[in-house]
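Common to both upcoming complexes is chain A, partnered first by chain B, then by chain C.
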Partner chain A sequence: MSTVDDAVEQGVAVSRPPRLLARMMRQRQAKVGMVLTLAVLLVALAGPLLLPWLTGHTSTEFTGRPFTDTGVFGTDNLGRDVLSRFLDGGLRLIIYAALATALGMVVGVAVGMTAAYSRGRVDALVMRGNDVLLALPQLVFALLAITVLGPQGWVLVVVIGITHAPRIARVTRSATASVITEDYIRASEMYAVPKWKILLTEVLPNITGPLMVELGLRMTYSIGFVAALSFLGLGMQPPTADWGLMINESRIALVVQPWGVLLPVAAIAVLTVGTNLLTDSLARASANMNAGK
Partner chain B sequence: MSTNTMETQVTTSALCATDLRVETDAGVEILHGVSFTLQPGRILALVGESGSGKTTAGLACMGHFRQGLAKGTGTVSLGGGEAGNILDLPDHQLRRLRGKTISYVPQDPALSLNPSMRIGEQIAETLRVHQIGATDSEHRLRVAEVLAEVGLPNDRAYQRRYPHQLSGGQQQRVGIAMAFACRPSVIVLDEPTTGLDVTTQAVVLQTIDELAERHQVAGLYITHDLAVVAQIADEVAVMLSGDIVEHGATDQVLYSPRHGYTRRLLAAVPDLAGKRRVGQVEAITGEQPLVVPGPHGVPDTTGSTALVDDAKPLSGTGHRATPAAADPHPLLRVRDLSHSYGEHQVLDGIGFQLLEGESMMLLGESGSGKTTLSRCVAGLNDAYTGSIELFGEELATGTRARSSEDRRRIQYVFQSPFSSLNPRRTIAESVGVPLQMSGIGDKRKRRALVREALDQVKLGERFMERRPGDLSGGERQRAAIARALVNAPSLLVCDEITSALDVSVQASILDLLRTLQTDHNMSMLFVTHNIALARHISQRLAVLQKGKIVDIGTTDEVLDNPQHHYTQELLANVPTFK
Partner chain C sequence: MPGSGPAPSRRALLGGGVALGLGLLLTACGSPEASVLEAPAGEPLRGGSLRVGLAGGGAADTLDPHSPVSTTDIARVVNLYESLLYRDEDFALKPLLALSAIPDATARVWTVALRPGVNFHDGRPLTATDVAATFARVTNPEDPKSGAAALSILDEVKVIDDLTVEFRLNTPTATFDDSLGQYALGIVPADFDVAHPVGTGPFKADSFDPGLRSVFIRNDGYWRDHQPYLDELVILNFSDDDAMLNALLSSQVDAIGQIPLALLEVIAADPRISILNSETGAWLPFTMRIDKAPFDDVRVRQAFRLAVDRQQMIEQVLSGNGALGNDLYAPFDPGYAGNLPQRTQDIGRAKELLAEAGYPDGLDIELVTAPIQAGAVEAAQVFAQQAKAAGIRVKIRRVDTTTFFGDDYLSWTFAQDFWYTRNFLPQVNSSSLPTSPFNETHWDDPEFLQLVEAATTEVDETKRNALITQAQEIEYERGGYIIWGHPNQADAYQKYVAGLIPNKTGLALSGFEFRRAWIGVTK
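What follows is the complex of A and B.
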């Protein structure tokens, strides 16, 4: 008897496919994306710490006449050092984007899982409400909220986070719907495990794949939104150094002093392309066991 | 086998595979030089348990290798060998061969037929692709012909049906019609009857047999079911982890097996008569009386039954000599249980009772309501009417409404061990959930109980920190049983728990359940579609058809003297050997 078992058991133990992150990182585009993202993150995180020491100026100090070539990359419209402002301007953008994404994920995942798990009328009600919110363009909604509440950091984070939530809820709901039909969920119900606990311990760990993809995607969008709102004058306010704001302030002198615009534009572009490449390869890795081969 | 006969075989063979080797992408060889020949009009059964490489070998005959497998080496040649080695052919030539000269019938007809295409059109598509018959009317003629051959109506209205309008058996017959439509010389059948009921299975097997005979098609029948092999195959090749360990005529392999593995495999197949000993504990038959006498049974006064040859005496055997108290009270009483999904009545006035320490089998085909019934008892389905009493007290309908004590007393084991354990949690965590929910907060105490439960199902402590993905199907099912046992239940409801497992694993699970039952005097509701298991697991048998119990009594009564024609039909269609 035991020999038959052994033989069968051995046959089953074929080599397991590598984990999700390993599958992601063996794709070339993930490596490229990782390098791009890390480069910009490094500039944004380390920049503010290096400031007066590296360039000799702070980001709000007047160093010369507007649009002259004082310093490495010249000065901006008020005569502040472009490089100093560039080094100082990324951190807030990334922190705000990260906070907004985190808020959106928490709200969206909670709503999506609850809707899928309760099914029936609650599901229909929540998801139709969701659809109404989806019908509003994210940027218009943000403009409205900021006009009413004023351009403050928390408003920015909350508005972007909340407008992400319905989109995340959709993805979460469909991912949850395919998991809650599994028998292990039914088993937990049989043991009368509280519903919130089923969602947290049984469902959530099994939908991390699609959620990771969604996280990456929403992070990319958040960066774009924070930058766009700052550019429109509704995000970060002067005299704060910020990439979006820098683009707006320096765009009038694009020909005279292009670095004022090009540096932040390049940084935002590289960051979004990098996170997008990462997200793409993550999506591919979670859909296909052989990704990157 | 002398070289002389080999040569004559090669000249008449339809397909000849020699030294077939297949590796995974990682370079692990999973098929180690397999050779076989197929002859026109004869069927070779490729038998083995999951992971033995039988499907890989079957697909290699068509030059197909599943994802994760590198292209195989060796030779596969058709007929006179004019097509050359199939494994070396470029894709476009392979495509011309597949379906036309060598065709395939997959396991699940529901997945293999295009749900948005009418069945007549689907069969005609293969004909069109391979340019058999020039005009539409010729195609239509051939479609009608093959549909008639597989025993389906072939009028225009039937051809215009969609797959979802057919039953599982009809769908599989359409699949077979499609495979035979181009009059291939070789046909590979991959477990075509696995999902079907015995009655349907008998019809499908007969169809395949007739068609292979009539058109002189060589068949390669891949299966794990030895009883099916006895019915359909002329030759059998037994596979064990990538090797053919025994090859010969069906009679020889099944009735006088030479290889030890074949013998063990055969010994693990449950038989209706209960003569074979599946696992180490004997089957429950007339000669080996019941553990606890049923309501109609004779009290067991014969004392301990002799264990045969190598079986080790089990700790539970002592209980046999001392049957439970003189007056066993009903543990479970189900009265007038009904349940319907909308218009469809799934359960219709079910009533039975179960004594303490008694094991009852609920037998039924798919759609008979057996799973719904077992879920009502376990409280997973709370929309029923009627009453379920445990120890004389009526139970609330859903588990959340039941008391924690009631929840502890009834435990349920799910059908598929692949879905009943959370892949992201360790075995110890999953098994510990019932304890946590019945209020055992102390982590160390929980761990000790979990370890004990895992010991009971013969999974050691080393399994505690593993995840389901690292376990085989049998091990997972053991872990799932451990989760049900950890709280020492009075009633264990087992819903088709062996149907997703290999026969040898099934045997060890049955063995385990019987031991547990005698050791703990636990009652058991064993739900299954496999009537052959009856004498191996249950003292009483209830036959379920369309939501009604049509036959109920002790296992021997029902099997030896079936009252209802449905039970009689089931018994007549059970594929058996010896």
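What follows is the complex of A and C.
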């Protein structure tokens, strides 16, 4: 958009503000966040590939009696190897969380931009409906839907995605509202560019900052929700290895054999803290051109 | 419990976990100064208070002798009231308030002689009129109590004299004494009111807070010599196992009922704690509906039974604390078919049977499970793993307990259930007749029914037992249950508590018979 004449660019190249991601990454907390997130992602993505080569067991194989010291981190409530289950348990969590976030973003952004751009009655109608949905506690809604439809992967993704959408729509709408009054939008409108095209090519690129922040935030929540639902027995179904489920299965032996709980708890904690730090830095970078200097 | 109550936020969850961990650590460090490491021996000592922790119960808790629901209800009922007969620690039927219960030759009239010299908590003597009134209360058609189901055969309770009653039945029943031995049939005075819970039990009610605690005091006029030894019995409700276990480890309670079997070895390692490990006849079966595909083919049922590695089930699910099951219930019944060979895993044969039944490539099946009892969901997972080898691809569908026992209960094609110790005929009445209230497998085998009918009316014990054995052989060959084991019942108590002994009924802590318990050393 902000194309500058070649001549001018050569002259002021030094003072041109770095791009959003670069502004984010030059903050220290973003670096920490990136390391934490990547570490957990690595475990989750590579873990399933390393089995049973690394531990000698698959995640559903019995290696001894329940809650004994067999293996590096002992056994779980059914006598399965805790390390194997840990390595195998992160992938689905992250995939489901990512899909749910993506779904929520697509729906939320579409609704938010449409509402803001239509203005007037449509805007009011959509946003008030949105407010009603916002009043529903997310997890309670998810519990209800899963109880009715059964705990299946797609239900989990759709329910979490859909409950994210109103929150994302709200942010998108306010970001869009401040952009659509700009002159270049007026110009496009005068050239009779179709509305959807204006939204996609002119509005969307100008609200990526707040949307990226929202994306990070929702991703963090999604991870928490998927893990929490699995913990409550409504997410991943046994005997699947899953971090949330692992916490529930092994918590009766927290004193005796803590690894079955500690490993997944630590992984989920590190992952959410990591994504949160990244999102935080991103928010700062998008609000402030000098962030991290 | 998963699936109920408000969902904790992730933060609360993590915080809770950390707090719990720290709490346990503190508990472990600050062990009480007066810890007793030796079990008391010798003559029982009188006096003291026993605090018992039990999981379960809630605002609906009751002192009604005839409708106990939760574990804590049962513990209270057993100590306040007494029935005519009872099941002792070896699961033998023994007289309690009755001296004898004898059928006539047709098994239609049972004469019960009452124990003389028994008084209620308020001092009045126990008479035959009270017995008749009690049974009238239980079978009241307006408000039938939990024992009423087993008493549908009872026509009339006739008072013969002060200490003799006759039970007149509409159907000949040779094992009616078993029905009289239910703990939910405590004898109460004719003018009984739950607000004044008066019985003949070893303890008297002092105070009662539903869902929290109940305090009972010694019944000085109890009919057994010397018993009870305790001055006071306190029964405390706990909402979950963790809290209960922590209360025991920090000496806030003296005994707790039913600890997770997986933790047994670790708890036993604490020198202050004793474990009561009781063999039981309880069973946690997989239930196959014999009137629905694929289980309408007996070969499929047999293949599923052969796919189970029972020893591994007991190792993984019960941490080795259980007895092998042979697809038969009622292991303590005198007629139990102990002659049948122990069924073991035979993957080759299971595959053959499946191929013969038209599943040469194995089959997919959904197994519905719920945390209905410790070990249920775990057993489902172990089964899924074992059955894989036979080409049985199990998809586990875990639902919450409310859904499990909801509208679809008893119509799941392949699910689980849980039963406490019972003898054969009462168990058949509950679960294996077309008219049974809980016939999960939809079992309706004409030959089996004929044998059961014959056994029900057979007064001669030897002949009856032979009929029971034959009926069990049919169950072994064609039945819809996979009974892989009988879990033990494990309780834990402080070393200074004495008088608790293993009990086969499956009720916790010596069948809740605290009349025998005593405190060895001052705390």
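The rule we apply is simple: the second predicted complex is superposed on the first by the 279 of 293 C-alpha atoms of A that agree within 3 Å, B and C clash if a C-alpha of one lies under 4 Å from a C-alpha of the other, contacts with A are read in each partner's own complex, and residues count from 1 in each chain.
We adopt the following convention: a residue touches a chain if its C-beta (ideal position, glycine included) is under 8 Å from a C-beta of that chain, and two chains touch if they have at least 3 such contacts.
None of the values given here were measured: they were computed from a predicted structure.
By the document's definition of touching, neither partner reaches A:134: not chain B, not chain C. By the touch criterion defined above, A:254 reaches chain C but does not reach chain B. Of the two partner chains, chain C is the only one touched by A:67; chain B is not. In the superposed model, A:206 makes contact with chain B only, not with chain C. In the superposition on chain A, contact is made by A:233 with chain C only, not with chain B. In the superposition on chain A, none of the residues of chain A is touched both by chain B in one structure and by chain C in the other.
Chain C makes touch with chain A in their complex at residues 2-3, 6-10, 13-14, 17, 20-21, 24, 28, 241-242, 260, 262-263, 266, 312, 315-317, 319-320, 371, 377-378, 380-382, 384-385, 396-398, 400, 403.
Residue ranges of chain A in contact with chain C, taken from their complex: 60-62, 65-67, 77-79, 139-140, 143, 147, 150-151, 224, 227-228, 231-234, 237-239, 247-248, 251-256, 258, 261, 265, 268-269, 272.
Taken in their complex, chain B has these residues touching chain A: 24-26, 28, 30, 49-53, 67-68, 240-241, 260-261, 264-265, 268, 279-280, 378-380, 399-400, 402, 404, 407, 412, 414-416, 419-425, 430, 433-434, 437, 469-470, 472-475, 483, 502, 504-505, 507-508. Against chain B, the residues of chain A that register as touching in their complex are 1, 3-5, 7-16, 182-184, 186-193, 201-202, 205-206, 289-290, 293.
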